[in-house]
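Shared between the two complexes below is chain A, which pairs with chain B and chain C, respectively.
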Partner chain A sequence: MRDEGVKWALLLPAVGWILTFTVYPLVFSLLLSFQNWNLTSPPTWAGLANYVRAVQDPRTHNALRVTGLFVGATVAAELLLGFALALLFHRPMRGIRLLRAVVVAPLFTSPIALAFLGMMLFHEEDGPIAHLVRAVGAGKVHWLSDPTTALGSVVLLDIWQWTPFAFLVFLAGLAGVPQEPIEAAIVDGAGRWALFRHVLLPLLTPVIVTALLFKLIYSVKVFDLAFGLTGGGPGISTEVLALYIHRQGLEFFNLGYASSLSYIFLVLVSLTCIGLVLRVRHLYERL
Partner chain B sequence: MERAALGALLLAVLIWVLFPLYWAGITSLKEPTETFRPTLLPFVQFIPTLANWQDQFRLAGRDILRDLQNSLLVAAASASLALLLGSMAGYALARFPFYVGPLRNHDIATWFLSQVILPPAVVVIPFFLFMQRLGLLDTPLALILAHTTMNLPLATLLMRDTFLSLPVELEEAALVDGASRLRALVHVVLPLAAPALVSTGILAFAFSWNEFIYALTLTFERATTIPLLIAGAKMSQGIQFWFVSVRVLLALLPPVLLAFAVQRYVVRGLTLGALH
Partner chain C sequence: MKVVRWGVLGMVLLSVVGVAFAAARPFAGRTVTLGVFAGGTRGAISGPFYYFRSAWEQRTGAKLNIVEIPFDQLPTKIKTDLITRAGRFDGFVPCATIYGDLVTNNWIVPVDPWIRDPRFPRWDPNDMGPPIRQLYRWGGRQYGANYDADAWVLYGRRDLLNDPKEKAAFRAKYGYELRLPQTIKELLDVSEFFNNRDWNGDGRADFGIVLPLKVSAQGFFFYLAFAAPYVVVPGPTVDEYHNVFFFNPRTMEPLINSPGHVKALEDYIRLTKNGPRAQLGWDLVESWDPFLKGNAALTYSPGDIGSLAKNPDRSRIKGKLTAGPMPASTEYYDRRTGRWVQRLNRVGNLLGCSWHGLISSLSRNKETIYHLFAYMAERSRLFQITTFGWGGVDPGKIYDFPPEVSNGQGTGSIQAYLQQGFDRQDALDWLRAYWQNYYQMDAWQEYLRIPGAPEMINSLDLHISQALVGRETPKQALDAVAREWTEIVNKLGREKLRRAYQESIGYGRPAPRYRPR
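And now, the complex of A and B:
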């Protein structure tokens, strides 16, 4: 009976904290999205006008397209690369401990600092990549000044930072794969491909879904890399959704409009992720 | 043959990972004019110098020290707060059954998990308005509140996972001996959970240290953190490699060094306890 009070006293501070600092701002933001407000004059009711504007705004379409491309490219490249590397290095060999220790570094690299490091690496005249390209006799690559390659440069930085995540997740996944089904399949005369496709892959599905979910969430939020490396440019060719919302809200002070964009963003992200969250929730279901 | 190919691949991966960091390191040790040349080996190809580091601290020493101090304060305070609230909630979820309508413990855990979906860009505007109204803009407290919120789901889920993995019998023995629930928690459970507490705290510290969008929005002069020192390094006359590399390293080194201490914990941390 005493425990009844204790358990709530332990749980409620954290729940209350999140309700105060997440749910309350979200409700406030929802109300704001139906108003026009630029901080200088009092807010006025706008009804659905901000949402209509969002649907028609070509810059919103651009932000959605850029974010989609970024998320698709980074998630696909990092998961595939990480999986391939994990399959290759999942064996006892010299140097593997060193590798595991070293690949942790990119994950802890401050993204805004990485973006500025990227400005040095991708510098079109004097960066190491430009020097290398020149040394092999190829022409100049406009890493940051060309609208089509600039997004690729942001993607490359993200791949550098996050491939280790997929690699480590899959390495842990492979280490946890039970040996019996694999041995049984070998006894049954399964080939390498059949073994991979029909035994290993199904066993790894929960791990793959988890890696996919978390990397999707981290990719969708991208802000620092684009802000620092390209500032959303050239033009608006790398202006991801988080960057555009931040601009509308805290540079142009269209607070109502920025809030409506936030809500559209939130609904899109939630719809994409909730299905996946429900697929991994059994991993949290130990009580 | 296959071993040789794997060895070569291992080397290639190591170079790919380490090269950008190495480049930042040697650039910070080069004379300004040397930074435009593709030289790689100090002492062999160029003479290393600490002049850039000295210049940075002479010209911007006050800004750098203030930002380092703010980063340290915000990261330490928000990590401690998240750890305190998160361990309490994590322990409750691991040891007591909860029934809230149709919701059970794992539903509450999933609710904590779902908080990571939220992009900061979505809540940063209301956060800005609240902090403005409370007069907290440009104070470390504003960032501490934001970063604690960001790290609380992580701390809760990792600590819940830790407490679930500890044997219940030890606490029960203490309870039978007449200890109160809180006494058992503090004297029996927490010492066993200490390694997880330290690792979780380090992760939360690093995430706070690296956080940029709240810092950009909520601070501008007195309470700025290291990420803002970096963002302020954009020069009108193009990027000055020798300055930028020093600032980049100041931001990179602390979390990267801490990361080596919690290597085994990284996968667990980034998947909020879903995978070990």
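And now, the complex of A and C:
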């Protein structure tokens, strides 16, 4: 009985932490999403009005579309590039540790600092990329002033920063691949492509899906890059959902509406992630 | 006996000195915290507070704690402090766009009772130009002590505009004399004339005009300054049809999609095409550089260009700068008659932040923080700050203007500017532009500072940006803004906002210094 008491006493700080900083904000913001509150006057009950507004709001539609495009482009590019780099660096060669460190370095850059760096890199008149493009005789690229290329610029910066994450995960995955099936396939006369396609890829699938899951969660939350580099513009062409929620909640103090948007966001992300987690579990069970 | 007498006399003297010393340091032991725009220790707005901190501390005995807050976090930090009643700040120096929230929620206190109180440094609200004086007030009460006076004025290259070859070519092409544009038509022509050709001989095409049009920055100010003369109808009083720009003050119906605004946005889009496309992604400071480096013929902006032009680290145009008030329109839309009026309309503006100190109603040291603001507002000190060139405080007080730029009315001297490194003609042109903006226009565009203003401005900002990149037509963009503004008005309470708007613009009162022609 005393042991039980000690056990619960030791758990208490963690339980308190979770209740205070996870459960309470979740419940509070859920209630808030059914209210109108701008902090200056008492909250009023709004029923489903905030959710109806979110469904009808063209800026929400735009933010979802922009977020979807951003997530699709960055996740696909980063996983492919990360995988290619991992294959390249998963072999003994001179200076491999230094090379790996260099590849991983962008991961440690603060996204907001990266956004400001991006402003200089993509400066259309005097940026280093503009000078390079001019030097090879090509025309101007409107990195930040054209709605399409502006989103492309945000995507490029994210790829530069987050490809090393996929690289690290895949490198660890490659290091953990058992050698027996590979050696057996080589003995059976499998070529490089067949070895990759039929042996290595199935063995790495759980790692790939895990990397996909984590990157998806990171990408969908993107805020700093769009905020710092383009401010969501030109127009609303790079206004991702997190940026729009930030504006509604912390710039305009529409806390009820911001909460309803956050919940829509949470549900969409959760459904996607649950699907992926189930897939990962299934894959690991098969191994 | 003699010893006792001297002893008593000594004690009396010590007491008198002690009392005098205490009176000279009236806030000894107090500490005040100021929330201010993060310009650094030698930068805009916050810099002068650091510069004079120790002198003020010695004079009052109080301690000044300066908290720098980045521009985009400033309204949130201040409002959160007030809403949660944390009371961390005794006073703050915010962008005036949040005035509406601060006043209507009683979060700041008026300073009228202290202005003539001999315990505090003397400053005079009437030193400010008439429209700026109105900006520091609300509902007939004074809330701010004199500090900054922001407005947008037009800058040009004096050498280029006076070049005989350029003048001849311009006359041949447009049929009239080249000069710093005084009308919108001239602005469009001159910017077009100088755009996309290498007039400075550096081997690269130069620009007619440069503007910062990045969304979620300060780009919206540039549309507002441009649109003012199309929309504001001068008149003797502030009423439903005269001296208003944003809303009909009687009904709170948005005017933002009125014919005047639509025509203004159409012409504004034409103007922005006379500069680099890259400016659609430029912030304020990025847009200054091409002009200061000598790659642009024109720009319009707040006062910073005038003071930066003298700095060799930033500028290659010292001695080549000229300036004037924002160009007039040759027509404006009269809503009362529903017709366009073909007449020159010169409308001044109060755009920017016009940073100035406000006192938190939660402060326990209201008199101490007021003393700080009054100390900074003292005539000699504030004039010195204005002439620094790095303090971010723009000219707007009667003593900022030398007589030669102000029809003899200004009480300032050009010498102080020259001592700070200004070129004489640059400074005179710059100061004259500000003088004309504050004292000589037909009317002034009011400053939107009602509750909900940040959300309204954001809506305007992004729809203008959508129109600039061609994703919405000017009419579609402004109709969308009007719709969104109406939603905000309904959400926050039409009656509450109507009252706030009327108080903020001085509805029903005489317009500032109306000068009928």
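Quick note on the criterion: the second predicted complex is superposed on the first by the 264 of 287 C-alpha atoms of A that agree within 3 Å, B and C clash if a C-alpha of one lies under 4 Å from a C-alpha of the other, contacts with A are read in each partner's own complex, and residues count from 1 in each chain.
Here is the rule we go by: a contact is a pair of C-beta atoms (placed from the backbone, for glycine too) under 8 Å apart; a residue touches a chain by one contact, two chains touch by 3 or more.
Small disclaimer: the values here were computed from a predicted structure and weren't measured.
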Requested in this report: Would you sort A:Thr40 into first (chain B), second (chain C), both or neither based on which partner it touches?
Outcome: second
Requested in this report: Using the superposition on chain A described above, determine whether A:Ser145 touches chain B (first), chain C (second), both, or neither.
Outcome: second
Report task. Give one of first, second, both or neither to describe whether A:Ile236 is in contact with chain B, with chain C, with both, or with none. Result -> second
Query raised in the report: Which partner reaches more residues of chain A, chain B or chain C?
Result: B
Requested in this report: State whether A:Leu204 touches chain B only (first), chain C only (second), both chains, or neither.
Outcome: neither
Query raised in the report: In the superposed arrangement, which partner chain does A:His123 touch: chain B (first), chain C (second), both, or neither?
Result: both
Query raised in the report: What is the contact status of A:Leu10 with respect to chain B (first) and chain C (second): first, second, both, or neither?
Result: first
Requested in this report: Look at A:Leu250 in the shared chain and tell me whether it touches chain B only, chain C only, both, or neither; answer first, second, both or neither.
Outcome: both
Report summary line: chain B and chain C footprints on chain A meet at residues 123, 125, 250
Report summary line: Counting only contacts in the complex, chain B reaches chain A at residues 3, 6-7, 9-10, 13-14, 16-21, 23-24, 27, 35-38, 85-86, 88-89, 91-98, 104-106, 108-110, 112-130, 145-146, 148-149, 152-153, 156-157, 164, 181-182, 206, 209-210, 212-213, 216-217, 226-227, 230-231, 233, 239, 241, 244-245, 247-248, 251-252, 255-256, 258-260, 263, 266-267, 270-276
Requested in this report: Can you check the complex and tell me which residues of chain A touch chain C?
Outcome: 36, 38-40, 122-125, 140, 142-147, 150, 230-237, 239, 247, 250-254
Query - Touch list for chain C against partner chain A, complex - result: 75-76, 79, 83, 101, 105, 213-217, 276-281, 286, 290, 451-452, 454-455, 458, 462-463, 465-466, 468-469, 471-472, 491-492
Report summary line: In their shared complex, chain B is touched by residues of chain A numbered 2-3, 6-8, 10-11, 13-15, 17-18, 21-22, 24-26, 28-29, 32, 85, 88-89, 93, 95-96, 98-114, 116-117, 119-121, 123, 125-126, 128, 131-132, 135, 160, 164-165, 168-169, 172-173, 207, 210-211, 214, 217, 220-221, 223-224, 227-228, 241-243, 245-246, 249-250, 255, 258-259, 262-263, 265-266, 269-270, 273-274, 277, 280-281, 283-287
